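Below you'll find a set of structures to go through.
Below are two complexes that have subunit A in common, paired first with subunit B and then with subunit C.
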Partner chain A sequence: MEASLNGSKTATIVARAQALFDDLSFASAREWKAAAPGRKVVGYMPIYVPREIIHAAGMLPLGIVGGGDQLEVIHGDAYYQSYICRIPRSTIELGVSGRLDFVDGMLFPSICDVIRNLSGMWKMMFPNVYVRYFDVPQNYRDDIGGNYYVNELTELMHHLGELRGQPITDDELRHSIAGYNENRRLVRELYSFRAQRPWQAPAAEVYLALRAGLVLPVEQHTEMLRDYLAAAASEERPRRDNCRIVLTGVFCEQPPLNLIKSLELAGCYVVDDDLLLVTRWLTADVPTEGNPLHNLALAFLHQSESTAAKYEPNLKEKGQHLVRAVRRSGAEGVIFACPSFCDPALLERPMLQHVLKDADIPYIAFKYAENSGQMQPIREQAGTFADSIKLWSGT
Partner chain B sequence: MTTTIVTPKAAPAKEVEKDASMVKQKEMMAAHYDRLTSAPQTGEKVVSTFVPGNLNELTMCFGLLNNLPEVNAIQNGLRRTSGAFVLEAEKIGHSEDVCTYVKSDIGMMAKGNIAPNGKRFPDPDVLLLSYTGCFTFMKWFELLREQYKCETIMLHTPYMGDGKITPNMIEYMVKQLKDEVIPTLERISGVKFDIDRLREYLKKSATAEDDLVHVLQSAKRKPSPIDAYFGGIYYIGPIFGAFRGTDDAIDYYRFLREEVEARLAAGKGPVTPDGDMGKEKYRLVVEGPPNYTNFRQFWKMFYDEGAVVVASSYTKVGGVYDFGFRHDPEKPLETLAEYCLGVYTNRSLPMRIDMLTNYVNDYDADGLLINSIKSCNSFSAGQLLIMREVEKRTGKPAAFVESDLVDPRYFSAANIKNRLESYFQMIEQKRAATRAAA
Partner chain C sequence: MTVTVGIDVGTGVVKAALFRVENGDATWLSRATLRIRQRDPMELARIVYDQLLADAKLSEREVDYVATTGEGEGVPFHTGHFYSMTTHARGAIYLDPASRAALDVGALHGRAISIDERGKVLSYKMTSQCASGSGQFLENIARYLGVAQDEIGSLSHKADRPEVVSSICAVLAETDVINMVSRGISASNILKGIHLSMAARLSKLLKSIGATGGVVMMTGGLALDEGLVTALKEDVAKMKDMKIEVRNHPDSIYAGAIGAALWGAYRFEKLAALGEVPKAA
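And then the complex of A and B:
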């Protein structure tokens, strides 16, 4: 990657994304807020919230995915036992250290018991911030889960309207839906491009480009994605003799950037993953005609990603999303990278492994924390996996 | 590297003393296990479901026998077989980081699925996933479904994140019950749903719930006639398990209430495995589940020091009744929804803090002790904040110990005993300071 970054357009875009990634004080979001009076920022955690509603309120949705490997956690550890994952403690650290003092609201989606309980902690610790546990249906019938979800969305829309001092209109929401549709189309295009030519769009760059979408206004992020795609397609880069893998389990606590880089250095092109799923949770355009909340609800029920935090009602369908990801991206294997103590990822893993075994797809597994520093064992494991795929697949 | 768990050989055990109610409870549980393991012969159909949010009154309408995997894991913990089951599950690919209830269950299945009565558990006819207050439940039943390949019903209970039950939550749950849960149970059981039958069961539930609350609240008296954690676990067994809504439960809780009233009248404290407890020296509120692999040893650390638990959150995990909720036959489906929504682990963290603070004050406790369970993020995530907040609000000292539900590797007797002893010293100091200030 380094060699391709000398003064190229790609390098400029990636450098900007890297700067946003490195900035744990969220300067760009602070600047956005300060640029006009009355602006508000609403944070959200993985996996999914309908950012369209926040945007429709004229607010900036801000993705909070922990503190990464550059944040020294001092206060956060005092809130958690050693057997609880790292993301809540570094998120608490961000809050307690004042790094999120400009955030007016926080949404904690239904993903696991740790994030769920963090919503209550946030209420206690930051009483002046609007805090909501954002529940989503585990029943996918329009007249059951759909109705429930529409009512939940209505309540959220109402609360955010109150927060800005003026109700959100349907037209504002339709406009925001259109903006996010465009953004998701480009994310899908980027993933498709990488699956075809992974040497042109290294995993770490794709990750940084996506990650920028957690802090930038969607319009700016869409522009960044468009620019990156154009630049990545136009700059020829050396193609390595790497195998192609799908990376899974990384949907909440983020792996260190070095971990993602290490996989490719070890011989594994990442051709699909479940990083930052919020950027492509809805898998098709949400209609901009009709009732916008109803449209968002239907998209959630019928056209959204599969992941461990979501109930799969059909046994035969369990894990097939991963098999499809492998087939679609032309991958030769799967790497399970799960955060330590992550209930969703680790409880799901054996079931997914059984499905992969039945489909004759090779896999390996390891655990990480967002502050893991030692990459050598991971590099060796991934390298051995890549070698074994090259040597033995198809025999 | 392999790990071998060795259970030290104990000296010949002294006869454990039990209340008559404990003996009766044990007989009820044993009879239920016999009924379950005889199901292949009797033709009774079996539903596996969970303790929090269990719908015993509803499943009984279809003649289904309930099998509760957490209770099986507890039985394996108490019998000290869970350690080997957990290892078995880890051997076949389950992470060392995740819930040991799940791994004990999976390991037990891998080793023949033998019930506490020595006979094989029947395969369930249906898995009723009452997804209430615990994320792991969802994965657990997906894992079981993979093994049994039987039908699975999801009943999603929304979380009380804002500390209240909304009409939307009730409507969502009732709709799931009406349009999915009940029709599927009708199809699987071949029994048509009769709402009046459900009303009858709910009425019986409420009667037993009244007596249970009376028993639990007897701990407000000094000395407390019960231990509301270690003893409380015996008391909740029938109502959290297969007996809520039955005449057996009514009989049991009436019997228990009379027994406790007799102890109250005699000015007696709780019965421990070593007999009547001595002088009550410390009154505690406990948050979190117990450790089951060393249950008796853990309890002994309390009663040897004269510590009695006067209220606990764990005895509310299968239903919170002491703030007024009762199953209501007048609104049968709504009441089931309300019950599920209200269970302890489905309550927001601020609600849990309020509840524990109330317990410390209302039961005139000396403080709060948290037993933090490695396996259980639903309980454990946030407990350090709970501890500080309850301490702040009550002015009473709090303490924190760690163990696990059914994994013997995470029970360190020496550490826990040290911490408890330090805690009792803290309480003494606090009392001395209060006396000096008076």
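And then the complex of A and C:
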């Protein structure tokens, strides 16, 4: 990334995204809220919520993905045992330190027990905030999981309408769906661009560009993505002889930015990943005609990303999403980077590794926490993995 | 014909080597080293690169692949980077095709690497974080004793009653040395004691990777310290189940740079065959 920090258009966009990433007081979201009376902000945790409904209520969806490596957790540790991951601790820290005091609602999606329980804790700790544990279907039949999910979405839509003091209309929701469709198209385009020319769009830059979408209004983020894509395509950067890898397991607690940079420094171009899945959870446009809640529900059932945190009823299909990601992006290997104590990522890992082994795709695995500071072992592991792919694959 | 450069950015020294590879035959055209001495290693990498080109009478355009190793990932003009284990393994094979293990002892770490006849790393182990088994430690002690670095080996050979120092912690080892000086122990016996202590650590490292037979090629800066090489040979000879032959080479310090350059040539040819040649340098 340093190569681009020379006053170029890319550098300017990345610098803005980096500033948003660094700001643990969420100044841009605070400014958005203060800009007009009655505005509300609704926070959400990884990995997926239908941001369209929040947007349709005229509110700002604000992604909360922990405190990263710059937040000292003082109070948060008191709430959890030592064998629990770090994201709930740092999220509690953000809450009790007043950094989220402008947030009017919090959604806790169905990822794991820890986050589910955090929703209950949040309710008790912040009684004036609208809190909802957002459940998703475990059954993909339209008449069972679909109906269930439509009810969940209807309830959420109703609650957010109450929060703003006026029901959300279907037209408002259709308009929001269109906005997020456009945003997701650009995110897909960015991922496709990076898979083709990873030296032009370093993983850390792509991550920062995506991460900005968690705090910016979708319209501004769409514009940022469009600008970044144009700038990245027009700026020639040196192409390294790196191997190409898919990074997986990073869907909830975020790896430190330095970890992402270290992978590329160690000789691995990241050509696909499962970072910040909320920005591309739905893999195709959601129709803007017809019943918008039904459309959102059907998209979740039939056109959404597979991850460790999403139930897969078909055993034969288990892990195939990873094989497809490798083939689609032209990757030569997979790096499993899982947060310490992350049940969904770590329990799924052996099954996914088994699938990769059958498909003859090399992989390595390591663990991290959002505040991991020592990158040398990771660089060494990723570097030797890159060497083994570059020198010995196919021999 | 492929022209490649290997640049090994170490903790104490930047080493570089330029090769021409044709039909599998590698010709070493130029070499350069620069001690870092608190200067920016990235700037030094550029200086040694320019020196290599000048000595080989080549222009930058004629170089097909610039490979870095060690701490060289940040060298802005590199084409590809290889890890130290990978490059020292290849360098050891170049220096002596009989090598089946490389023992890289540099300013900061010691690494034992088990390799096959192609230079493929089979397993490796590094010394722990502590610096007591490193070149930097030895350099510091030599400075305290008022001994020039190139005298270390010959002084060590003159020892008659070596005093062994702590091999666990550099701080404890330095305290040991201060006590020895105050007890009037000669510099020869102190240095030999340090060499024996380091050798004991390194032979354990070799054993841990399963190197119990064949040739072990010492690489890195300390491979040129004859005192350490002798101490290691002595230590290995005392171990019943170790049948290895420890060797060094006058160019051992270049092993990482050599390996990087040769792997760079291999990658360039592989990518050229696929029509995917990266932009060199």
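Simple rule for what comes next: the second predicted complex is superposed on the first by the 395 of 395 C-alpha atoms of A that agree within 3 Å, B and C clash if a C-alpha of one lies under 4 Å from a C-alpha of the other, contacts with A are read in each partner's own complex, and residues count from 1 in each chain.
As a convention for this text, a contact is a pair of C-beta atoms (placed from the backbone, for glycine too) under 8 Å apart; a residue touches a chain by one contact, two chains touch by 3 or more.
Bear in mind the structure is a predicted one, so any value in this text is a computation, not a measurement.
J.: State whether A:Arg30 touches subunit B only (first), subunit C only (second), both chains, or neither.
T.: Neither subunit B nor subunit C is touched by A:Arg30.
J.: Between subunit B and subunit C, whom does A:Lys390 touch in the aligned arrangement: first, second, both, or neither?
T.: A:Lys390 sits against subunit C, while subunit B stays out of touch.
J.: If we overlay the two complexes on their shared chain A, which of subunit B and subunit C does A:Arg328 touch? Say first, second, both or neither.
T.: neither
J.: Would you check which partner chain A:Asp241 touches, where first means subunit B only, second means subunit C only, and both and neither mean what they say?
T.: second
J.: Between subunit B (first) and subunit C (second), which, if any, makes contact with A:Met124: first, second, both or neither?
T.: first
J.: Comparing subunit C with subunit B, which touches more residues belonging to subunit A?
T.: B
J.: With both complexes superposed on chain A, which partner does A:His159 reach: first (subunit B), second (subunit C), both or neither?
T.: The answer is neither, since A:His159 touches no partner chain.
J.: After the superposition on A, what does A:Pro88 contact: first (subunit B), second (subunit C), both or neither?
T.: The answer is first: A:Pro88 touches subunit B but not subunit C.
J.: Can you check the complex and tell me which residues of subunit A touch subunit B?
T.: 78-81, 83-84, 88, 108, 110-114, 116-121, 123-125, 132-133, 135, 137-139, 141, 143-145, 147-148, 151-152, 155, 308-309, 311-313, 315, 318, 338, 340-344, 346-351, 353-354, 367
J.: Within the complex, which stretch of subunit B touches subunit A?
T.: 92-95, 97-99, 102, 129, 131, 134-136, 138-140, 142-143, 145-146, 149, 152, 154, 156, 158-159, 161-162, 168-169, 171-172, 175-176, 179-180, 348-353, 372, 374, 377-378, 380-385, 389, 402
J.: Quick check: in the complex, which residue numbers of subunit A touch subunit C?
T.: 3, 238-242, 265-267, 379-380, 383-384, 386-387, 390-392
J.: Please give the residue numbers of subunit C that touch subunit A in the complex, ascending.
T.: So the residues of subunit C touching subunit A come out as 65, 73-74, 76-83, 85-86, 120-121, 263, 266-267, 271, 278-279.
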